Amino acid sequence: MSAGVGTQRDPGTARAPFGQRVRDWWNSRSRAEQWMITIPVVVLVYLLPMLNVFPLTTEPWTDYELALFNAARLGLIALGLNVVLGQAGLLDLGYVGFFAIGAYVAAIMTSRDSFLHNPHYSWLVVVPVAMAVTMISGVLIGTPTLRLRGDYLAIVTLGFGEMVRLLADNLDPLRGNRGFQDVGRPPGTHADGSPLFTQTDGKPWYWLTVTFIIVILLLIGNLERSRVGRAWVAIREDEDVAELMGIPTFRFKVWAFVMGAAIGGLSGVLYAGQVGFVNNQRFDVVTSILFVAAVVLGGSGNKVGVLLGALVISYLPDRFQLAPQYRFLAFGIALIVLMIFRPQGLLGARQRLLARGRQAYQRLVGTPEPVSADSALTEQGKGGDL
Amino acid sequence: MSDTQPGTEPETQPESQAGAQAGAPPDAEGLSAEVREMTEEERAAHFAQVADAVAPDREIAVGVGDTLLELRDVTLRFGGLTALDSVSFELRRGEILGLIGPNGAGKTTCFNVMTGVYRPTSGQVRLEDRPLGRLKRHRITRHGIARTFQNIRLFDEMTALENVVVGADARHRTSVVGALCRLPRHWREEREGVERAMALLEFVGIADRAADRAKNLPYGYQRRLEIARALATEPKILCLDEPAAGFNPAEKDDLMSLIRRIRDDGYTVLLIEHDMRVVMGVTDRIVVLEFGKKIADGTPAEVRDDPAVVAAYLGVPDDGAA
Amino acid sequence: MALLEIAGMSVHYGRIEALRDVSLTVDEGEIVTLIGANGAGKTTTMRAVSGLIPLSRGSIRFNGEDITRLRADLRVRRGICQSPEGRGVFPGMTVRENLDMGCYARKDRKGIDADFERVFELFPRLKERISQQGGTLSGGEQQMVAIGRALMARPRLLLLDEPSMGLAPQFIQQIFAIITEINQQGTTVLLVEQNAQQALSRAHRGYVLETGSVTRSSAANELLADPAVKEAYLGIA
Amino acid sequence: MTYHLALTLAQTESHWIDFNVGLLRDEFWSNTIDGLAYGSIYALVAIGYTLVYGVLRLINFAHSEVFVVGAFGAYFTFVGLGYEPGPTLESGLVPLIVNLLLAGIVAMIASGVIALVLERVAYRPLRKRNAPRLVFLITAIGASFAIQQALLIWRGGNPEPAIRLLSPEAVFEFGTTRITNIQIIVFVASLLLLVVADVFVGRTRLGRGIRAVAQDPDTAALMGVNKERVIMLTFVLGGVLAGAASLFYVMQIPQGVLYNGGFLLGIKAFTAAVLGGIGNLRGALLGGLLLGVVENYGQSLFGGEWRDVVAFVLLIAILMVRPTGILGESLGKARV
Amino acid sequence: TDKTGEKQQSGGGQANAPAIKADPAPPLPDNAALPAGDGKGKCGKVSIAYIGTIAGASAALGLNILNGVKLAVKEHNDANPGCQVTLKQFDSEGSPDKAPGVVTQAINDKSILGVVGLAFSGESKAVGKAFNDAGLVTITPSATNPNLAKNGWKTFFRALGNDAVQAPAVAAFIGDQLKAKKVCVVRDDSEYGIGLADLVTQSLGSKATCQQKVKTGQKEFSAVVGAIDSQKPDAVFYSGYYPEAAPFVQQLRDDGFEGSVVAPDGVRDDEFVKNAGGSAEGVYLSCPCLPSAGFTKFSKDFQALAKRAPSTYSPEGYDATTILLKGLDKGLKTRPAMLDYVKSYQGQGLTKQFKWNGDGELTQTPVWMYEVKDGKIVQLKDMSKATS
């Protein structure tokens, strides 16, 4: 696409944009140095709920700790969706379906409204079961749909996401709008015997979620810097060529779907547990699209970016809560403005795709790996004749 | 879901069996800074090492000179249009075969049939005497056919090095679980992949731009990168679709020597090209297509003098046009 | 008078400076060719003249008018038409529709019909394929469509970016013959070619681009004779 | 335990969905007729999606709001003309036609204008900055949110009290099947508009420009196509058709004038567009009618609550067989 | 077929339904407790909360209550300089999935000692346990699902009759007054709609010949209307809220249905009448709420405050608030104290005598029938007496 003709920019100062300079700087640190910076940051993240003070606090409008939990939970979702959308470039508008499946599995296994005779499984059992069920549904949904390309995939996934919701709506055992109350929570009690995880106390939920995020970040990072991650990016860039270069594209796409699904399911379980109530209302298209918004806003394909994106999408409305009806108006406008000013997302997409990338590049060119800020999603799938 | 199907592919063994000429150094340009500073002997050793990595054992079942790939009466129709009309020819191990013909003769379509992009309406493509049948495209690549594209198709956002490593991944077998947990095979293959990819970039002469995004490379570098990526899949046959398009004559010379070196390293090459100087200069044998039919098949000299070919393709005798 | 006059043009792709201070002129009735290695900036020059990419410095005048900031489609109306690198065939349109697009700015039905005939005469292949979708044509066929389409526009200034790329030898001859012919009929041509030998022998003047700057410019036959040019671009050491 | 769970699900399954073949048989024709009338509204809205998608490869999520604004436009024209919520007023044929036309024009203008504003505010700046395609999706969502919320703030969360210029009366009736005056008006008018749009895009020079920009914007510019104008036109055309659709919708469902009243319809219309082959105008028509009709059969067969599920199952089933929709893409790029 | 294709004129739907004589609206009981109290209330900085829909789904129903609550708080604060109670409002949007969030908010606000709400049954169910865990007392002025009281929540109190009372009344009305033989019960997908539909079906017994389902937010009912049409019932009972009821009834009438239409409290609002166009005319509405016509002063003050007439559950909201305010006037400062106080509360309100049993249910509760006449909802009679 051409740039507008009327716009003459002065590129005289060929200085790297800020984001790029930060990244270059970061990449030129040694592993040890990077850890030295990472650890305090992680500690700070864990301490956030304690910093319930201006300007961080979202009170009096929104419970600060729960706002943090919700942001973290959306972060987890964004991480999962990022595997599908950011890594493999599969526009999944029905990701909420996996989130819903996770939540419903938790509800069915623990709520007393459930059709199971004795629905009191421990939360620790619920998590793996929910993830397994979502992974299976990922395969089931992915197998027929992933043969489609681009936006056809988008609309079909949207359809599947809606179908999950509609099934919950229509199938009596899933209780539709009435929902399941009293969904199970993780075990653990305070010293005084009251439960650790409650609907009203966000802190334990937040910590639990952050821990999940860190574990998943590490695992996903492993995947990314491996044959699998490269295959995903190749598929995103040009699926036909990827296949002609020997990548079993279909299988890897299903894998991306399944990985994303598992994480979506996990966040569904967390959501259901904290709210304690699951019905069909939270799993609509709008929610699904908000997930996509978090990923794209943060920088599709960039793990840290999408976490930031989730933070913006979830925390900002809580932080600057106007009168409720103005909130979404402002939010909508903010989305437009943010995207216009940072079309490549808050952090552009560029991940190292080689496990040994750092050494390889350093050896090669003597400078740290160059990372440029433009997004990796300029044109999906080029198509055309071979 | 298992990531590999054991037994269907030859095991990769990085053990050299490359020909004696393998160490021929590439042109001085396009060497990494590191290499440029080496002494002569160091450089020779380095290139020997490069050649090792570039041309590992491909366990080809047929001997040099025997038929490696065969098209048997391949016909392909698009609706009413017959793009290939019972085309038969064979590709022998170790040769450079030229595939020429007027525009729209069906050359690219031949590649598409060989690599599984299209399925022949009738007829067979046989690799090492086994029909490709309805093999998936990625399996065909793993069986040993790699290609470049008439309109360059790179993974634009990846660096040159990564593009090539993706090619090398075709031979890797790290599973998703293996990658997730970083099992030893993952590390081994990563190391192998990067080293091989670097060696290949050196081999085609663009190692100095290894860390650049593919889309930011000049056109000529992109063409070479495509070749390196295709080589990385450890093919038995390398199919090049108009690799010299958009090159000036000097660049074409470089390309010709590159193609020869590739063959010398033990690959078999199938080349589509319109530039007669390139075709006549590097091929051992030429197949000529016209309107989807084979009209000639022979050595460059034979083909050049074939009146049918002259009439159909070459037109006015080459009056010294570069 | 100079039909096209580029003065001090610089162009950037993001932070990459692709052209630096390029000046060149094309006179009415000339064939001017632009040669240079891969990545020298030839295509970028063409895109800038057509208005597909903005200048960061410098100016372009066409027929005495400053068109530096003119929209691309208006430049077409002024009489500049380009056959782009990579052909730019509309993949979902038939050959006929593609050719029709060339006359988007024209209204003379008669002249258009005559030009159709002329293009089909030049490329009989296209007539056979008149209702095939552009996207399924072979590389060379697409190139024919792209050139034919540009001819259909009957421009004052025709920009050809590597017209011979992907064409079989017999057509290469033909393409250059056509260029000379339409030039003689009054069309000014700015030509980018890797086939420098051919291009220079047909052109009046030539420019050499190296890494974004004009390093040499003179009459075409002088360039042909220049040993440095010979070595670098003609493949004759 | 998963096994146990699956078993429980399987055992209860047979009671979850009841088939009612009898009802489908009895209601077949009225289903078909309702479906065609409703489907033509889908089709009109679908054109807007298809056009914009064709040109910008953008799922214009805010198109449903374009539609809703049209509905408000039509509604307030009714109000302005002195109609009130409550029983339908009897009025002469001529004033009725004039008033409906007036409402239609206002709706079309309102939708067209909002579509244009949307393009200017949310999409054009991104185009200028060469933003990746997905980003347009996000601003589309942002715009959709913003318009919805603005309407919510302005008119509140309840539907506007229903106003009806014309109450449905059976014009033809056979058995239990009735064809009402409204259905006829909607169907015929929609079809007419669709034909006009199709001719416009397929036959005219500007239409060719739209297709050219859709396939290769840069080259289109090289052919002298004014890209910005074409894009503008596309949005306006889509908007105007959505405006017309909104009037028809309000005529059929007077309670539909609501801030988020276009949401589901928007998704359905987009589904219809994909079903027919997105980027393909006739596909949109076909997809819209098919979706409308099949949905109705589905709801007779399985019950009303399965209507949307039937719509999506249809979509998935068709895409499995024809991955680019029934008629295939035509504005879009050819694929390998 | 019984369809004539004739246009339905307003009120024409029940041409053959028997005319039902209306009872007068009850007057204000002399001993009714009022929020002003004795004007000697003493309390610290305390607040009560209204939680329910404000701007969300079925907003009109929520606003009816909220304005009643506001009126009570205003009268109280005007009369009691020593006890200025803050009213906090939380918009649950009437949906069970939004409610937990705002309820958490309310629970975490320690100044809130009592809650009027939640308005609807579904949302009440989703959050009852949280209130119970937090020990925050709630009095719902409107949620009618009987099961709400059976969850063992200690903090749940209901200021009106539940659907187990409403359903038999409705069934009696349909059977005895309308003389319908075949009744179609249409339910939405809410806790309330489903629960009430089941109870009504049960009470109707063999008269309930068909069942149909609709969904929250649905606007297009051709399937349901078609199915009803094929059953040809004498009456249709719609169990749900007005946003869906309005288009449903209109489409039902458009299709030529001529039998009676009966709907419950969720539909009893002027919004329904407005949105259904002429089709609302003649629809019968049941409600465990009293007509406020007899409460003249209340109605006048309400009109002055809210710029609209009191409607469904306005007096009930007022009563519930009064009870909480009386507790605060006593100087109660903690949630447990408030809970104990409400649990043992006994007294007359505008609408009825309040004294809760162990489940938080009242014993004597009226259920009135209403009818839409000339675009207005007018009372017919108290049906609870007819059944018990």
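Each chain gets a letter, A, B, C, D and E, in the order it is written, and its residues are counted from 1.
Everything that follows uses one rule, which is that a contact is a pair of C-beta atoms (placed from the backbone, for glycine too) under 8 Å apart; a residue touches a chain by one contact, two chains touch by 3 or more.
Chain by chain, the UniProt names read as follows: A, D = Branched-chain amino acid transport system permease protein; B, C = Branched-chain amino acid transport system ATP-binding protein.
Just so it is clear, the model here is predicted, and its values are computed rather than measured.
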* Asked: In terms of C-beta pairs in contact, which of D-E and A-E ranks higher?
  -> D-E
* Of the other chains, whose C-alpha centre is the longest way from the centre of subunit D? -> B
* Whole-Å gap separating subunit B and subunit E, where each centre is the average of the chain's CA atoms -> 77
* CA centroid of subunit A to CA centroid of subunit B, Å -> 40
* Asked: Approximately how many whole Å separate the CA-defined centres of subunit A and subunit C?
  -> 47
* Asked: Which parts of subunit B, given as residue numbers and ranges, touch two or more other chains?
  -> 108, 117, 150-151
* To do: Can you tell me which residues of subunit A touch two or more of the remaining chains?
  => 2-4, 7, 169, 240, 325, 378, 384-386
* Spell out, as numbers or ranges, the residues of subunit E touching 2 or more other chains. => 55, 189, 215
* Which positions of subunit D touch subunit E when the two form their complex? -> 23, 26-27, 30-31, 34, 38, 85-88, 152, 156-159, 161-164, 167-170, 173, 175-176, 178, 253-256, 261, 264, 296, 299-300, 303-305, 307
* Structure fact -> As the complex stands, subunit A meets subunit B at residues 219, 222-223, 226-231, 233-234, 237-238, 240-249, 251, 254-255, 259, 349-350, 353-357, 360-361, 363-366, 369-370, 372, 376, 378, 382, 384-386
* To do: Note which residues of subunit D are touching subunit C in the complex, please.
  => 205, 208-209, 211-212, 214-216, 218-228, 329-335
* Which bits of subunit C are touching subunit D when the two form their complex? -> 50-52, 71-74, 76-77, 81-82, 84, 88-93, 97, 100-102, 104-105, 133-136, 149, 153
* To do: Going by the contact rule at the top, pick out the subunit B residues touching subunit A in the complex.
  => 1, 3, 32-34, 108, 111-112, 115-117, 136-138, 141-142, 146-147, 149-151, 153-158, 161-162, 165-167, 169-172, 174, 176, 179-182, 186-187, 189-191, 193-194, 198, 207, 210-213, 229-230, 233
